[in-house]
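Both complexes shown next keep chain A, but they swap its partner, so chain B is in the first and chain C is in the second.
Let's turn to the complex of A and B:
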C-alpha cells in the first residue's frame, strides 16, 4: 500500500527534488484537465484500446474456432500461434522499426510499398495498434480456445436435432457459453491496454509529435523527463481511476448476468 | 622429454596470451604507446605528455574501481566507443577497474541526478551533455578539475586549445569542470561534386531563371537549391529520385537542434552587450519571459518547415543516424549536422560520397528580428551565427567519488593530443573536432598528412576543418543554455516542434505552447533561481 499512498500524497504537492514539497491541493488535477497533452494522450489511449482490443478479440475468436477443428499439425501450429505472446514488448517495438522503416524496412524492400508507417501521425498510430494486435491476439486465442474445448460435444449433438445451421449453433450454443470467457478476456486486455507503454515507447517514442503518446507515456515523460513528480502522480491516479471504473463496470455486468 | 615439451607448450601459450593481451608499451624515450581494444591500433603519447603518474611497473590506482556513465552505443558507438577502446590500456596503466555504465540519452540525466540526489553514489563520473552542467554544478554534485589540469602527474592537455565558444561550456563561474573530449556544433554539408557541376548549374538556371546561388550565403539559398534538386535522380546510386536535404525530427531525440541552429540567424543580433535583443535567444534576461515565440523564432520555424518539404517524408520519424546514413548514401544534396558527418563520410563501409563533400559554417539571414523594438531589421550582409549546438559530450567527476584522481587520469589520457586526434579522425567515435590541434594551419596545428594517413580525402578535410574553425570562432554565437531544467525546456520545445513539422500545429501555435510550457517549468523550479542562473549563463549584467 505504501507506494500507492505515497504517490497519492505527491499528487497534492508541487515537488522539486532537493527542495521542500509545497502543498497545492487539487492544482495538479485541475492542471491536467486544462493540459492539451493530457487530452491528446487520452484520445490516443482510447483509440488504441477500442480498435486494438476489438480486433484482437475478433481475430482471437476466429483463430480459436479454426483451431478447435481437426487440422493437420494442429499442435505445432498452435504453438507457433502463441509465440508472440512470449516476446518482450519493448523488443518487439524495436524489431518492428526494421519492418516498418520507410526507406530500408522489410515491407518497403519486399513489397516496394512506400507507406509512411512511422512518419505520418495517423499511420504511426496504426503501426502501434498493429504491433499490439500481433503481440496480444495469441492471448485471446489461447483463452478462448480453452473455453471452446470445454464445451461438451453433447450440446452440439442435441442442437443438431433442431438445426444444422453452423451459424445458429454458434449463435445459440457457442457464444453464450463463451460469454464469460470473452468478458474476462476483454477486462484483462482492456486493463492492460489502457496502460500500454513499451510498444509505442520503442516503436515511435510517442511520435511523430505526440501522435502516439499514450497516457502511460505522458505520465512517464512527466516523471522522468520533466521531474514533475507531483503532476506525474496526479496523472497516474487519473489513469488508475479511469481503468478502475471500466473494470468495475465490466465485473458488474458479469455479476448481473450470472447471479 | 615429453615433460619438457609440455612445459614448452604451456610456456608458449602463456607468453602468446600475454603478448595478445598487451595494451600498453613503454618506449625507451619514456613515450607511452597505448593499444586500442578491438582493432589493436597503436597510439603513441610523447614522454612530455604522459605525466609522472604512470610509468613502467607503476599502478597508481591499483585496487580502485570506478564507474562512468555514458550514452548507449557499445564498443564501437559514438562517445561510448572510446571508453571501451581505451579501457584495457587505462586499466593496465593504473591497476584500477573501469565499469562503463551505458544508458540511452533520455535516461542519462534522470538516472544520474536521481542517483546523486538520493545519495546512492553509484557513479564516479559522467560523460555528459554540456546542457546538463547546471543540474550538476549548482547543487555541488561535481568538482572542478583546474588543479588536476595543472598537476604534472596526470597526462597533459591544454585548455588553451579550446576556442572561447567551447571553453565556456566546459567551465562554470570561471572554473573548469569538464575535460576536453567532444566538440559539438552544426555546420552545413553539401554535395560539392553536384553543386559545382557546370551541367547542373546550367540546368538550375534554365529551370529557375537565375544562377544557382552557390556558394550559399543564406537559408533562402539553401531552400532554393534544395527545392530544385528534390525529386530529381541527380545521383546514379539507385533508380529512385533523390532529395534536396535530409534532417531528423524524431520526437524525444535530437530534432530540436536543427531548429536552434537554423533559427539563430533570424534571432541573435550581434553586439557588444547582452540584453533582451542582443546576443540573446531563449529568455528575456531581465524577467525570464520566454522569447521562443517571438516573430524571429516563428519565421525560422516557417523556413525550417519549408526546407523540410524538400527532404524525405520519413525524416519526421528519423533519429540522427538515419539522417546521416541517407546523406552518406548519396541521397541528399544538403544536410546540416554535427562533425560526425564529415568524419563518417570518410568511412567507405558506410559512405558513398567520400571526396564529394563540401562544408561551411551554416548560412545566415538578411533579416533579423529586434526583440526590443519589435521590428524586423534588414541587413546588407547575412547575419551568420555560429553555434555549439549539441552536447559536446564531456567528462565530469562526481564530488562524492572516492576515486576522483583515477577518474581524472582516464579523462586526461583521452584528452592528450595523440588520443584526441585519433578519436576525432574516426567517425564512429562520435568525438568531433573543435580545438586548435584539430585545425589545419594557419588556423591550427593539425596536418593534412595526418588526416590523409587516417584515410581522409584531402578536399573533404579542407572544407571540414575550415567550416568548424569558422563556426567555433564566429563573431556571433548562439547562446548556450545549461541552467537547471534545460533538459525540460528543450523537451517541451522538441515535442511542439515535432507537432509543427508534421502539420498538427502551426509554427506560431507550436511556439506559443512551448512558451507556456517554459513559463510553467520556470515557475515550478522557482523564478528567482532560474533568472539568476540564466543571467550568469548568458553573461547578462542587470
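Let's turn to the complex of A and C:
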C-alpha cells in the first residue's frame, strides 16, 4: 500500500533531489499528454502487446493441438518447450543478440539473410516481438495443452455419432471447453506484456533512437537519466491505469478462476 | 481404436519435432558461440557444430567464471534468491493456511475507512504536519469511526476478496513502486545492500506464495486434520504434522519457482544494487555499455544467467502450469 500511495503523491509534485518538493497539481500528467516520447512509448507498447500476444495465442493453440496426440517422447518435447518460461529475461535478450547480430548472428551466418534486425527501427521492433513470442508462446502452449488433456475422450466419441467433420468437432467441443483457459492466458499475457522491460532493455536498449522504447523503459529512463521522480511517477501511474483497465475488464473471469 | 500408420500423422510428428528444434535453437547457438575461439566467432558458417567446424574451447567460460565481478554477482544472486524465497514461504504459508481454513468476514466499510484515514494522514504529513501527529490523528479517527458508524453497514468481504487482493498485487506494474522503494531504502540506509533486495523480493513474491499455497491447502481434505485433532494433536500440531507435511511437494515447487523469480528480477536489482549488491541480471545489464558488445562474452554471460532458473524449471516441471497461472490451472 505505502509505495503505491507514495508514488501517487510524487506524481503531483515537481521533485528535485536535494530540494523541497513543489506541489504542481496535475501538471505532470498534462505534460505527459503533450510529450511525443510518451505517445511513442504508448504506440510501441501497444504494437508489442497486440501483435505479440495475438501471435502467441494462435501459435500456442496450434502447438497445443499438435502435441495433443500420440507422439514419440512427448514428455521430453513438452519439457523442452517449457525451458524459456523461467529463463532470465535479460539473459534471453543477450542470447538473442547472438541470433540477430548482423555479422555473426545465426540468421546472417547460417541462413544468409542480411536483415538489419537491430539497427533499423521497424526491424528492431519486429525482433523484440519475435523474442517475446519465443519466450511466451510456450506458456500459452502448456496451459492450453493441460486444458486439452482434461477433455474426456467420450465427448468426441459421442460427437462423432453426430458429425464426422474434424472442424466441427474442434469448433463445437474443443473451443468452448478451451475458452476459459484462453481468456485466462490472454489476461495474464496482456498484463505482463504491458509491463515489458527486460527484453527490449537488453536486446536494443530501446533503440535505435526510441524505436523500441516501451512504456516501462520510458518511465525507468525518466527516473534514472533525468532523476525526474515526479514526472516518472506520473508516467508509472498511467501505465498502472492501463493495466488496471485490462484486468478489471476481465475481472469476473479472474474471480471465477481463482475462487 | 487401432493405431494405424498414416502420412498425415507422420507429417504432424515431424512438424512437432521441428517446432521443438526451433525453440532449442537460440540455446544451441549461444552455446556454440561461447565455445568458439575468437577468430572463428564471425567466420563460422552453417549450423557450426563443435569439433566438426571448429575446435571448441572453454577459454571464455574460464575467463568469465574467474572474473571477480561475475563471482560476486553469482554469490549475491544466490544469497538474495535463497533468503528471499525462504522467508517468502515462511511468511506466506501460515497466511495461506489461515485463508484456506478460517473464515474472515471483515466489514467492507471498515477497510475503506482504514484506507481513507491512511490517505488522510499521509496527505497531512505531505503538507507539513508532523508525521507522528498525523499518524496518531488518522488512527484515532479510524478507531472512532470503526466503533461507532462502522457497525451500521452490513456489507462484508470474504476470504475470496482477500485472495483477490493479494492476486491484484501480481498485476501491478513493478515500475510504479521503484521510486518509493528507492526512497524508503535510502531512508533506512539500505541502498546497495543485499538486505534491500531480499526485502523487495519478499514483497513481490509473497502474494504469489499465498495464492498458490492457499490452493494447495484447499485441495487437502480437511478430514485429515480433523482426524489428527481427534487423535489428540494440538491445532499447531495438526498444521505442522499433517497439513505442512502433505503439502510439502507443492511447497518445494513454490520455493523453486520463487527462487527463479528472484534470480530473474532486474528492475529493482538495477536500482537498489549498484555496486556491492549487484546481481547477475544487473551485471548483465551493465555489460553492454562498459565492455562493448563482445560476441562470445555476451553468449557466456547470457548462458550463466539462464542456466540456474532453467534447471529450477526442470525440477519444478509438474507444477509449472499451476505456478505460472497462479494456481488457476492444474497441469
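Throughout what follows, the second predicted complex is superposed on the first by the 251 of 259 C-alpha atoms of A that agree within 3 Å, B and C clash if a C-alpha of one lies under 4 Å from a C-alpha of the other, contacts with A are read in each partner's own complex, and residues count from 1 in each chain.
As a working rule, a contact is a pair of C-beta atoms (placed from the backbone, for glycine too) under 8 Å apart; a residue touches a chain by one contact, two chains touch by 3 or more.
Everything numeric here is computed off the predicted structure, so don't read it as measured data.
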Chain B versus chain C as contact partner of A:48, first or second or both or neither: neither
First (chain B), second (chain C), both or neither touched by A:138: second
First (chain B), second (chain C), both or neither touched by A:205: both
Chain B versus chain C as contact partner of A:228, first or second or both or neither: first
Contacts of A:120 with chain B and chain C, given as first, second, both or neither: first
First, second, both or neither for A:216, with chain B first and chain C second: second
More chain A residues in contact - chain B or chain C: C
Interface residues of chain A shared between complexes with chain B and chain C: 101, 103, 205, 224
Partner chain A, residues of chain C touching it in the complex: 3, 9, 12-13, 15-17, 19-20, 23-27, 29-30, 33, 41-42, 44-48, 115, 118-119, 122-123, 126, 160, 163-164, 167-168, 171-181, 183-184, 211, 257, 260, 263-264, 266-267, 270-271, 280-281, 284-285, 288, 293, 295, 298-299, 301-306, 309-310, 312-314, 317, 320-321, 324-331
Residues of chain A defined as touching chain C within the complex: 1-7, 9-10, 63, 66-67, 69-72, 77, 79-99, 101, 103-104, 106, 109-110, 134, 138-139, 142-143, 146-147, 181, 184-185, 188, 191, 194-195, 197-198, 201-202, 205, 216, 219-220, 223-224, 229, 232-233, 236-237, 239-240, 243-244, 247, 254-255, 257-259
Footprint of chain B on chain A - complex, ascending: 14, 16-19, 36-37, 101-103, 116, 118-121, 124, 204-211, 221, 224-228
Contact footprint of chain A on chain B as seen in their complex: 106-107, 110, 113-114, 117, 139, 249-253, 312-318, 322, 326, 487-488, 491, 495, 498-502, 504-505, 513, 521, 524-526
